[in-house]
Amino acid sequence: MAKRIESLTVTDNHRLNSEYFILTLLSPGTLPEMKPAQFAQVRVEGSPDTFLRRPISIHDADRENNTIRLLVQILGKGTETLSRLRQGDQLNIIYPLGNSFSMPLKGQKLLLAGGGCGIAPLLFMAKYLREKGFNIDFLLGFRNRDRVIEYEEYSSLGKVFLTTEDGSMGEKGFLTDHPVLKENRYEQVYCCGPEPMMKAVASWCRMTGAACEVSLENLMGCGIGACLCCVVDTVRGNLCTCIDGPVFNINDLKW
Amino acid sequence: MVNLGFSIGDLRFRNPVLTASGTFGYGSEFDDFMDVSRLGGIVVKGTTLEPREGNPYPRMAETPSGMLNSVGLQNKGIDYFGKYIYPRISEYDTNVIVNVNGSYVDDYVALAERLNSFDRIPAIELNISCPNVKMGGMAFGTNLGSAREVTRAVRAVYMKKLIVKLSPNVTNIVDFALAVEEEGADAVSLINTLLGMVVDVKRMKPALSTITGGLSGPAVRPVALRMVWQVARAVKIPVIGMGGIMNTDDALQFILAGASAIQVGTASFIDPLASVKILEGIEKYLTDKGISDISDIKGYINR
Amino acid sequence: MVNLGFSIGDLRFRNPVLTASGTFGYGSEFDDFMDVSRLGGIVVKGTTLEPREGNPYPRMAETPSGMLNSVGLQNKGIDYFGKYIYPRISEYDTNVIVNVNGSYVDDYVALAERLNSFDRIPAIELNISCPNVKMGGMAFGTNLGSAREVTRAVRAVYMKKLIVKLSPNVTNIVDFALAVEEEGADAVSLINTLLGMVVDVKRMKPALSTITGGLSGPAVRPVALRMVWQVARAVKIPVIGMGGIMNTDDALQFILAGASAIQVGTASFIDPLASVKILEGIEKYLTDKGISDISDIKGYINR
Amino acid sequence: MAKRIESLTVTDNHRLNSEYFILTLLSPGTLPEMKPAQFAQVRVEGSPDTFLRRPISIHDADRENNTIRLLVQILGKGTETLSRLRQGDQLNIIYPLGNSFSMPLKGQKLLLAGGGCGIAPLLFMAKYLREKGFNIDFLLGFRNRDRVIEYEEYSSLGKVFLTTEDGSMGEKGFLTDHPVLKENRYEQVYCCGPEPMMKAVASWCRMTGAACEVSLENLMGCGIGACLCCVVDTVRGNLCTCIDGPVFNINDLKW
């Protein structure tokens, strides 16, 4: 899985709502091999205030058409600039970066849990798992009904359990409030989202004995292990989110 | 054929493009993208006697045309380096330089002594300018007496080429360059990062866990270039310039101002190929101008 | 209603947004765009006893997120100021501060004495940090003894509020702040520009006629903020922060780091309305947060 | 003539050749009064390397439609970014800035001489003079035939004499090589272009006794007299190109 720097062509920029959009990018050659939870370091051109690249997960890959998709949340100047990309524009990225979710054991009961832009790597993971013959449940959390994105996409890959903070769709509350967690005995959980959410899921897993991997979202200088800025404090000392992660087993974290 | 080489004493560099410590890992992080051996040299991560965990996260903040870091010399120590990294890094067909750090003069000396025996390390870069450690680092590089002392002590034990890396956080950097030259440095490199700070207004807290950190990137280039120019006019030993070099044009600014060579730092984060692109760019520039030796344009603006 | 005001001794400023010397002319250049009297104050162009032509063109170069200038204190001298500019500028209903410059201590003293008699000038800013003049300027601001001497001498003759503007081109700016505080400064302002340089690779010459110049703009903000934070923790007098402030968020960084007020410099070139927008932004920020007095967030990051 | 900051809408971006383009900009209100040789300070958005505004002359103004036109030469990063503006984009400018060409005396024989992007202010000036009933000759210099721009436009306003450096159109050589200068006795010359060209025209004017005004193109920090960066060394000391200029009588310059 050699990393590469490549300028891809934007073939689509699809706006999901005021906050989210999906970029479809065409590689000039054949896509590299990629694994779920890997990410790309995206160069934001034309934004005077974004000096560094921005890490964005591989949301989806279409090997036949050599396209990848990125699901992006508008958070600041970088993502705002990306949201204005138009068909035909070029986007320079370094990819694929980082480790990936581990494979579950045969027959394990799996949960993919995520919230906000943290749901991005879960789609790729779900497709991967489906190919290997696993059944999956999703547990996805959003602020409210209007924020729910890609419900159909995920529904086509597994059962989707939803929470919204205001209860306007699915269960009211946070992810860990969802009754499905009481009704089922998940053995392996893959999780990505805001840190408080991941911490809540992690402690639920610890309680129930489920294995749990989380994909972290630290600030990154380089994305390739060269700057040591993206560290996370683990039981094995400071590790780099970009090369030792983004996926960590919660047992390695000091959460 | 254009001659791009330069020398520190009898140590020959095939071209003037090196990578800056702390920004290029141990080279291997870049193997996927380029042939690291094409470079004039690489300066590896800041190394200490003992392993160091560095500073707590967050250690980085983006700034206008630059970044702030407070990594704090995270590294696994010289033993680990010797055992696991040195064998691998020795494969590169270029000058591999170790960036040497310590809290006390004795640390620097002990580390330098150890490095004498590493055959494939022809030079060390004495980092007396790290702004991100509580002890040592910049404290040495901002006090003339200490700068002298640590240089003298290391010079006394280190047999190969000694490069001293200067801090820009001083009133007169020329004084420091002259002092370390007098104490036997074979070259000086500059600049290390400028001490800076960012406040996260939303959280009403400093952006870095350490409050202050080191500023690098194009933002600092005018300051770096000024210092390189000042130092190059004052010392006789080679000057290795760095600070915000992103492309060929930037690199040429430093050479025209008197640098014998340059280091590419933060640029490698934005474009991992920056160093080789700059190397190719310099070669093309000289070829296009019909200049056969890069030394012909070194310090040209002073003529 | 939010209280935005601050004081230097008994001199009251209605809000903490001032404009920086050399970047806002005499105010009138901005009359078409805004009501200058809304600002907390304006610091007018660097003024000298005698008229000065400044340095030859080119005096400016663009840099990444910043600019280099070597204007060199071009101004028509205090006589002309008194006769033609003072009457006009006195119309502003805000604190008009004169930025005072000289080559020798006596120049500063003579100028300060003259300014005693200008009723509508409640304060002067002693510029001991201009990097663009051959004599005086930064030479005073980078030597502790001279900084003390000129402050003491001016303090002895100047009756109103004395602000001393510090140079960032020093190893330890806190030493300078403490020194001028001890000599009777009523406030300090910082930072002046960082000494920098750009080479025009095409022409193989320095971009500025003076080779080096002063770097300003967002590029320097992290360095400026760090220095303001350091100084604000050390001195008891008010600190006026500046350096690369472009918008409300930037201004708040300085206030959270301990500044009592800020000056908007280079930003006014890019957006002549920058200062009033920042003023409005700070007011909105405090209102939104339900904070009734800006002093409640001053130095907040130190708590 | 109050200066103002205004965001105008790009209604057209017309490419003349590889180097030149013309932007048509619609003001949201009524255009301010403007005079020939005045300029605008243009904010270049989306270019990480252009911190300062760029001075560009008012090439043309259409008071009925409240549009102005800017003729721009691609020289570096700023103008390159401007060249990619599309219809509907906003452009923030400060205008009108600077002094202007003086009015000629009745019956004077006039020459408008320019080269490169220096021809920009001459169009506005020519229209202005035509309104006042003056006849004008243009003397325009270009590198070669392919570089000749706006020939028709200028021809509709006066007689156009051309030089190209390679002789591929008009006379071969520099402006001052054109025979029309020998054949006519111009009394007032308005000139804008590269400095060597303006200096040549100036010395020709001195020789023949023609009055001459040149519009200078110095590096500018602010454009409004606040930074003192744009100075030109005159017989009256350092003056600002942005407020004391851009137009100077050659007798005031130390050329």
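By written order: A, B, C and D. Residues from 1 in each chain.
Following the convention adopted for this analysis, contacts are C-beta pairs under 8 Å (C-beta built on N, C-alpha and C of every residue); 3 or more make two chains touch, one makes a residue touch a chain.
Just so you know, these numbers come straight off a predicted model, no measurement behind them.
The set of chains touching subunit C and also touching subunit D is empty.
Each chain gets a centre from the mean of its Cα atoms; for subunit A and subunit B, those two points are 36 Å apart. If you average the Cα atoms of subunit B and of subunit D, the two centres end up 47 Å apart. Per-chain CA centroids place subunit B at a distance of 34 Å from subunit C.
For subunit B, the set of residues that touch two or more other chains comprises 63-66, 217-218. Shown for subunit A are the residues in touch with two or more other chains, namely 48, 50-51.
Chain contact topology: the protein chains form a single closed ring, every chain touching exactly two others.
Contact between chains, per the stated criterion, is found for A-B, A-D, B-C, C-D. Put simply, subunit A touches subunit B in their complex at residues 2-5, 43, 48-53, 94, 218-233, 237-238, 243.
Residues 63-66, 68, 142, 169-172, 194-199, 201, 204-206, 211-212, 215, 217-223, 225-226, 229, 244, 249, 252-253, 256-257, 297, 300-301 of subunit B touch subunit C in their complex.
Subunit D makes touch with subunit A in their complex at residues 46-48, 50-51, 81.
Taken together, the subunit C residues at the contact with subunit D in this complex read 22-25, 29-30, 32-33, 45, 53-54, 56-67, 69, 71, 74, 217-218, 268-273.
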